[in-house]
Amino acid sequence: MNLTACLSLSAILFSFGIFGLMTRRKIIAMLLAIELMLNAALINCVAFAYYAPAGADTDVGSILPIFIVAITSAEMAVALAVIVAMYRKRKVIDIERLEDLHD
Amino acid sequence: MIESSWMILLLPFISFIGGILFLHKQPKLAAGFSILCNGAAMVMALILAVGFLSSDDTGYHALAHTWSYDWFAITDTLTVSIGALLDPISIMMLVVITVISTLVHTYSIGYMENDASAGRFFPLLSFFVFSMLGLVIAPTLVQMFVFWELVGVSSYMLIGFWYHKPSAVAASKKAFIITRFADAFFLTGIILMATQFGSIGFDAINQGATAFSSMNTANPSFSLEGGAVQVFTALAAQEGSAGFLGLNLLSWATILIFIGGWGKSAMFPLHVWLPDAMEGPTPVSSIIHSATMVVAGIYLTARLFPVFAVAEYTLSVVEFTGAITALFAAIIACTQRDIKRILAFSTLSQLGYMMFSLGVADMEHTAGFTASMFHVFTHAFFKCLLFLSAGLIIHSVHSNDIALMGGLRKKLKGTYFVTLLAVCAIAGVPFLFSGFWSKEEIIMAAWSNGHQCSAIIGLLVGGLTAFYMGRYFFLIFHGEYRGDAHHLEHAHENKFMLFPMVLLAIPTIIAGYPMLTGHTFFNTVIPQATLPTHPDHSASWIMPVAIAMAIGGLLVAWLKYGRRAVSFDTPSTNIVYRCISNKFYIDECYIFVTKKIIFRCVAAPMKLCDDYIVDGIIHSSAAIMRGCAAVIRHWQNGQTHVYLGLMIIGLALLAWFGGAL
Amino acid sequence: MTLPTALWTDIALGSLACIILLSESLLGPRLRKAIVFHGAWIGLVLIGILTVCTAPESEQAIGNYLIRPWTIPFRLCFCIAGALSVLLSRNLLSGTGHTHRRGLLVSGGVHIFLIICSTLGMFVVTGAQDLITFLVGIELATIPLYVQAAMLRDDFSSEASAKYLIIGSLSTAFTVFGISYLYGAGNSVHFDTLAQTLTADKHFAWVGVIFVLAGIGFKLSAAPFHMWAPDIYDGAPPPVTAYIASSSKAAGLAGLILLVYGPFQQLGADLENIFMFLAIISMTIGNLGALRQKRFNRFMAWSSVAQIGFVLMALTGGDLAIPSIAFYLLVYIIGNFIAFFVVNCLASNRPETFSNMRGLSKQSPLLALCLLISMFSLAGIPPLGGFFGKFELFLAAAQPGHEHFYLILFAAINAVVSLYYYMIVVKDIYITEPTHADNSTCPAIAILPSQRLTLVVLVIAIIVLGVWPAAHSWIFTLAGS
Amino acid sequence: MEATLTTDILFYLFSAAILGCGLMAVTVKNLLHSAIALMGCLFGTAGLFLLLDHEFVALMQILVYIGGVVIFIIYAVLLTTHLGTRYLPASTLKYISGVTLAAIVLGLVLHIDPQATHTAVNPDRTATTIDAIGYRLLDGSTNGFLIPFEVISVLLLSAMIGAATIAKHQKPGATNDEDETGGSAS
Amino acid sequence: MPFLLNCTWILPTLIALSLMFVPKQKVGVIRGMSVAGVLGILALVVSLIIAFLAGDYASPVGSAETTLAFSYRTPWFEAIGNQFYTGVDGFSLLMMLMASIIALCGVLVSWTITDRCKEFFILLFILLAGTFGCFISFDLLTFFLFNEITLIPTYLLIAIFGSGKKEFAAMKLNLMLFGGSALIILGMAGTYSATGSFDMIAIANNQSETLGSIAMWAFPALFMGFGILGSVFPFHTWSPVGHASAPTAISMFLAGVHMKLGGYGCLRAAIYLMPEGAQEWMPLFMVLATISVVYGAFIAIRQRDLKYINAYASISHVGLVTFGFATLTAVGLKGGVLQMISHGFVTAVVFALIGCIYGRTHTRNIDEMGGLMKKIPFLSVCFVLAGFAVVGMPGTSSFVAELTIFIAGFSGSLDDTLRLVCGALCISSIVITAVYVLRTVNSVVHGPLVDNGHEFTDARFIEKVPLIILLTCIFAMGLFPGWIIELAEQSLTPVVTNLGR
């Protein structure tokens, strides 16, 4: 239960997110993977705050997560709105079929 | 009178400008105007000569610097100027040029009677005379080079005068390029002289050189002033140095300058343009390719004689080329069928004579120098006469080929008599004619100065000259007429053409006598009064041998060609004869060198290199760019996973480049 | 507390956003169009003027919001870009004679509201004092763009916004992860304390820097993170493309400069290596990508990737970097918008590919001349602003102490390659004859009066910037300190 | 929580939960199951936060993250895919690239030399109380976070409005402007 | 007076602007305005020269400080140390005189252009404005700025009004010239980082150590940058293609003046500013110059197209200019300057003639024409005279220039074998030049008439005027080069003293 453990935990979670992003074909699954990455960032913040040295500003450990969660939710709102609109019009949620825009 | 020498130079130029701009439509008017100008120039030249001869200041004649105009400055010490330097040989040349040009102008009126572009001919001829005069009175090497080029240009324009004839155009191009090739070396020589020896003026160079040479022979050196001092110090400085390829700097400079003369006077390897120059009208050949232009090389060597003498090998090079050319040209002349080509080769051989006679002389024994100048003087007249008569013959027989002539003495009596005089002069018939005296002087000078082999070659060439001139004379005037009978009736002698020939006959005879009267007209050129000027007649056997060779040559020619009819239809199978008549195939070698080697093996690969290598690199770089662009567009295929993948790889690259990890 | 003058612009921007939103939802169609459209671009222009007038001589701190003098030119760029983007969306809003080929925007009012929100976000970024404000500013600048990209109802637009969204959220993830590590290394988020504590030997600091730079790299569409640009520029509605191409790049640069001269001060040497790498890769890939482009929007995407390469080169330089980047951005934005205006007029009745633009000089000389001027300004040809802009980037990289001469040579050669494809555009307009099929089908080009006026103003501005040194010296005095 | 044996066991428990659910979230075929796996993972992290003495963050995590965002994702899943749509397998190339990139990033981040990190907990460390967070958020001074607090509200506002306009169902051809002729804001 | 000096580039810009408002159809008005404009510029330059000669602005011998006549200095983009610093000395005055004469002949030659002739003259005047701006500016950045202004009109002129594969040629020409300016940017960045200013005279007198070390690589960058404009060996491939497909007036101006801009830049921006760099790098550039002299001459022999022959001839002659500069002696520099001026007139008259001949025989291949002397005597005589000028006959300007350069090649101590070999090769080039000039003259002018059905009308008055002007300039400079040499020498003393430091 030390900082390195927490950091490696969040790093692993981050790499799961990347793995999910690269291998998932459904857009919502990719968004889900991104959720994982952002969650890894949260763990980092809290871990750093907990193990911060003497003069550190530990309040940030709580305030930064608030803003991260707020931003994530805003982004997810927009993302899902776009996906729902696209699904209604094009009936496609597979990222590999989104390739009309290419050189 | 000396001060107005620039008038002599200007008159032909006025006739050129006037003729070209205004009179090229009226040939008669142009002819009259140019004769007037050239005649005036002749008169002034003669007055100048007479004035010079009568002035009795003995010893070293003050070099008359009459006028000079500063053209442009190159370095602060070196300024190029145009001026006049009058001394015995330049005045002699002035007289020769103006006399011959006036006579040739009158001759051309007859010659160019029914030629449409005659209006263009006379101005061009005057332009040639102007540039030749400029060359002769040049006080500096650069001015000589300037007029040297102008002479080359005027010879190009005059040889190619009938520009619709492809052969004339090719001949003019050949002449210009070969002389230009020699001029490149001449220019290098001048620049070496100007930069390394500090002066380009003839008098400065000559005084410096004589002072340097006389320093060795332990008599008091002259008081030097102006450019001569630098020349003297420069000569002393580079004396010992081994220089480049074994020759020291002075011999390099002098040999390079001599190569300029080599090209212009058509010495052995660079002679190929002179026979082809016969494509031009005959008056052109008579003035340019017999009397004046081709002598420019000899005049240059004479002008720079003191420096050439000081340099180690230069004079021996001069002698060697002169002898070779004399012998080589004489042999070829014996086999030619075109009468103008025969005269051209005879000119070549006589030039060889003059050149090697300069070669044999040196600072102590200047006999060779005076003999060569004397031969230039005499040769100009009888060679011009021969060409004018050949022109008249061609005019009446309408062909150059000697096979279509014969037995013309009945129809062209005047020409017959005059040509006889000229042939005797050139063949060296003794005592009466000028040719004999000047040739004998040369051989005597060569022998007395210790150059035995050149003297023997001289004698041999004398015999050969007699033989081919005899062949020339008998084949044209004796025997039956072999040509088209129709031309024979109409053959007549135009009085405009005959009159100058008769006038020329006089100097061919009397030109020899100044030597007899012992007048030291020519000796006064070399500025050392103390040395013996008169050649010692030690070897008394030379005179009779020379006479024997001349008479023998003529006799053999008469036996072979004069007595019985000669048929030309069966070309002789003898290999040597065919080789000689084809001028030892030297023309073919030149064509091979230029076409095969220069155009195919040098210019063509350069063009290929330019198109494919230098240009290729630039075009290939553009092609590489297009290739990379294609790769990038291939990966831009719209797949989001590819984009995300590259972003993450980009992240890794950033970390790697950050270097801190 | 009395409101310091410098803050007026931010407050004005916020209030403008509210006015737009309220008028969008409450007023009738005619009045709404007037207020929403004209109110927006006039408001933005006024705010631009306000920023110029209230430019502080020295740094003015208001709580944890710091107005820095060198950010004033950047703010001016944001306002100009916002206003021009609003003007550009004119023929995508209802009520004009000739609507765009791709139909109308889902909702004009919301589109404009989002532009203003995004501009507000960029203002916040330039005023940030700590990482959190910085993060929120960056996110406010980008998230509205995801929505705007989807504003047109055709497949391209939705696909573009989906892609932009996914890649954008990945870059947000990177940024957030990076910021957490920076907090770990520097034990605070405030820039001043971070400046002392972030030293090169700390591993966390490096992980944080790398991830944050990756996030900002996406924002700038610098080379390894540029793959999204061509597709989104092509798919998104034209005003949004123009806005992304100019304003969001300016915001990214402002953020980058903020970080480089703020918290990352002590990482100087290695940071220069990173920027050199980014510059070289961006220039090369941007130029090579643009070489064979046939479609105009994708061409502008690749050219913006290349231009960012030149700007990043300047960042490796000394104190001349900030002012030269500011001036360059101003000229680049104007050049970009001229090109987009011209093509927008053209594209209202035919797809914007170069083959359709052939023979433009004969059809309408004004548009041809404007496109020529914009292309040559982007290429950096003298009488226009682009020349001094691009040349100063070279000078910045040659400052004593920061000499990168190989980079300058590489950049100069890339400038020549970039000239090639800008010349191809000019060649198409002026020289290649239109094949018969091309222009027979297209009706005459109709230019809206407002867009014609803006074109003329912009062209005059770019020439004046190139010749008259007033703007140039103003930026340098401001940013020079 | 002081560092005792129990906390270590709890930590390993929670991290096992997080990693397990995380792996399930990205690998399971059915989208709904992966959403639920994500929920499990988030619960794990909430537990971890409690372990690390940050109750506020844990609670926020549960309420906002799980309560709001994940539920919203499930809504989107249900809206866009009929239950039982078949699984879209990605090509093996993508799997390989996924794994390698994940490994690269992992190596990149974890390239730590252990002794550099200060693993000891600061002894006189005080947990951040909720009112401290509140004061800090609204503190207008230099180290307060008033400006971000204001700006995040603008961000959320613009996100909501944008999402609403995009996702609103419209008849083809009509746009917001036209059909607004009569009614007030819909 | 300074305002008059700046008028030289303001006047063409005004004309270009006013031409824009003239309706396209009024071709007569456009031509009239253009000729008036060019004559105005010529009058302006001549009055400047007279004023310069009257008030002696010669810089005192031995001072590295170039005293500029009519100098005008205002801060322009001050933030980066750039100022609009214009002035003129003997050398730039000569170049301006040549440029204005060739511009006049260019406008007269392009009398036959009818379609889009408005754009033609507008672009031509912008080109003129850029060129004159270059010659008078003494601030490195302003000089570079005017240099870049000239490139775009050249591209458009060749691409729109050219012949043959004009787009390719125009693009290649422009990209290579911009490649050159890329190198110049590198050089300027180097000098800026060393001295912090763009003022040429300040940099020239700045003897700081940093400039010395930077000069080691900044000099080749600047010299080769301007060398590309002056078509030095490896980067000369743009000029044959460019000249062959450019319209007559533009190939006259391109070869006559624009390539000289390269030479001017080399001398002014490279040698004058960084003498240490010059001493260091000159052997390389001397070899390149000699290669381009001999290489250009040999390839000209193999060419069949008249314009290509003259293009390669220009490469060969401009190579002599670079050789003159490469000797780094007072004579060499002066020779280079003279050769630039003389070659400007020579190549202009040859291109004008090629244009006229093409107008009659509608072919530029020398095998397909011959014997023109009979049909068009005036043009043929001019062609022969131009041929002699190219060969470098005495009496023409090229003899004066080439003699000076060759003397520079051999002056001083002869132990520098490289300079000797290069000098000898350059002298040998006069023979190769004679070969291809005579080959061209013979096949075009002399020989039997090749009549391919075109009626040959001799030169009209409007065609005679430019030819006469240019030929008189060539022969005048050939016969009375005194004042030109004195002007050139005066302006080069600071460069030479700088080299000697």
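For reference, chains read A, B, C, D and E in written order, and residue numbers begin at 1 within each chain.
Here is the rule we go by: a residue touches a chain if its C-beta (ideal position, glycine included) is under 8 Å from a C-beta of that chain, and two chains touch if they have at least 3 such contacts.
Note that the structure is predicted; figures quoted are calculated from it, not measured.
Here the chain-to-chain distance from chain A to chain D, counted in touching steps, is 1. Of all chains, the one whose CA centroid is most distant from that of chain D is B.
The most distant chain from chain C, with centres taken as the mean of CA atoms, is B. Among the chains present, the centre nearest to the common Cα mean is that of E.
In whole angstrom, the spacing between the mean C-alpha positions of chain A and chain C is 27. Rounded to whole angstrom units, the spacing between the C-alpha centres of chain A and chain E is 65.
The mean-CA centres of chain B and chain C are about 79 angstrom from one another, to the nearest whole unit.
Chain geometry summary: the mean Cα position of chain C and that of chain E are 43 Å apart. Under the contact definition stated at the top, the residues of chain B that touch 2 or more other chains are 633, 636, 638, 640-641, 644-645, 648-649, 651, 655, 661.
Annotation for chain D: residues touching 2 or more other chains are 94, 97, 101, 105, 108-109, 111-112, 117, 143, 145, 148, 152, 155, 159, 162-163, 166. In chain C, the residues that reach two or more other chains under the touch definition are 132, 135-136, 139, 143, 146-147, 150, 153, 163, 166, 170, 190, 203, 210, 230-231. Contact between chains, as defined at the top, is found for A-B, A-C, A-D, B-C, B-D, B-E, C-D, C-E. Across the complex, chain B is touched by residues 18, 21-22, 95-96, 98-103 of chain A. Residue ranges on chain B touching chain A, taken from their complex, read 633, 636-641, 644-645, 648.
Those residues of chain A that touch chain D in the complex are listed here as 1-9, 11-26, 28-29, 31-33, 35-36, 39, 42-43, 46-47, 49-54, 56-59, 61-63, 65-67, 69-78, 80-85, 87-88, 93-94.
Put simply, chain E touches chain C in their complex at residues 75-80, 141, 145-146, 148-149, 151-152, 155-156, 159-160, 167, 171, 174-175, 178-179, 182-183, 185-186, 189-190, 192-194, 196, 210, 217, 221. For chain B in complex with chain D, the touching residues are 641, 645, 648-649, 651-652, 655, 661.
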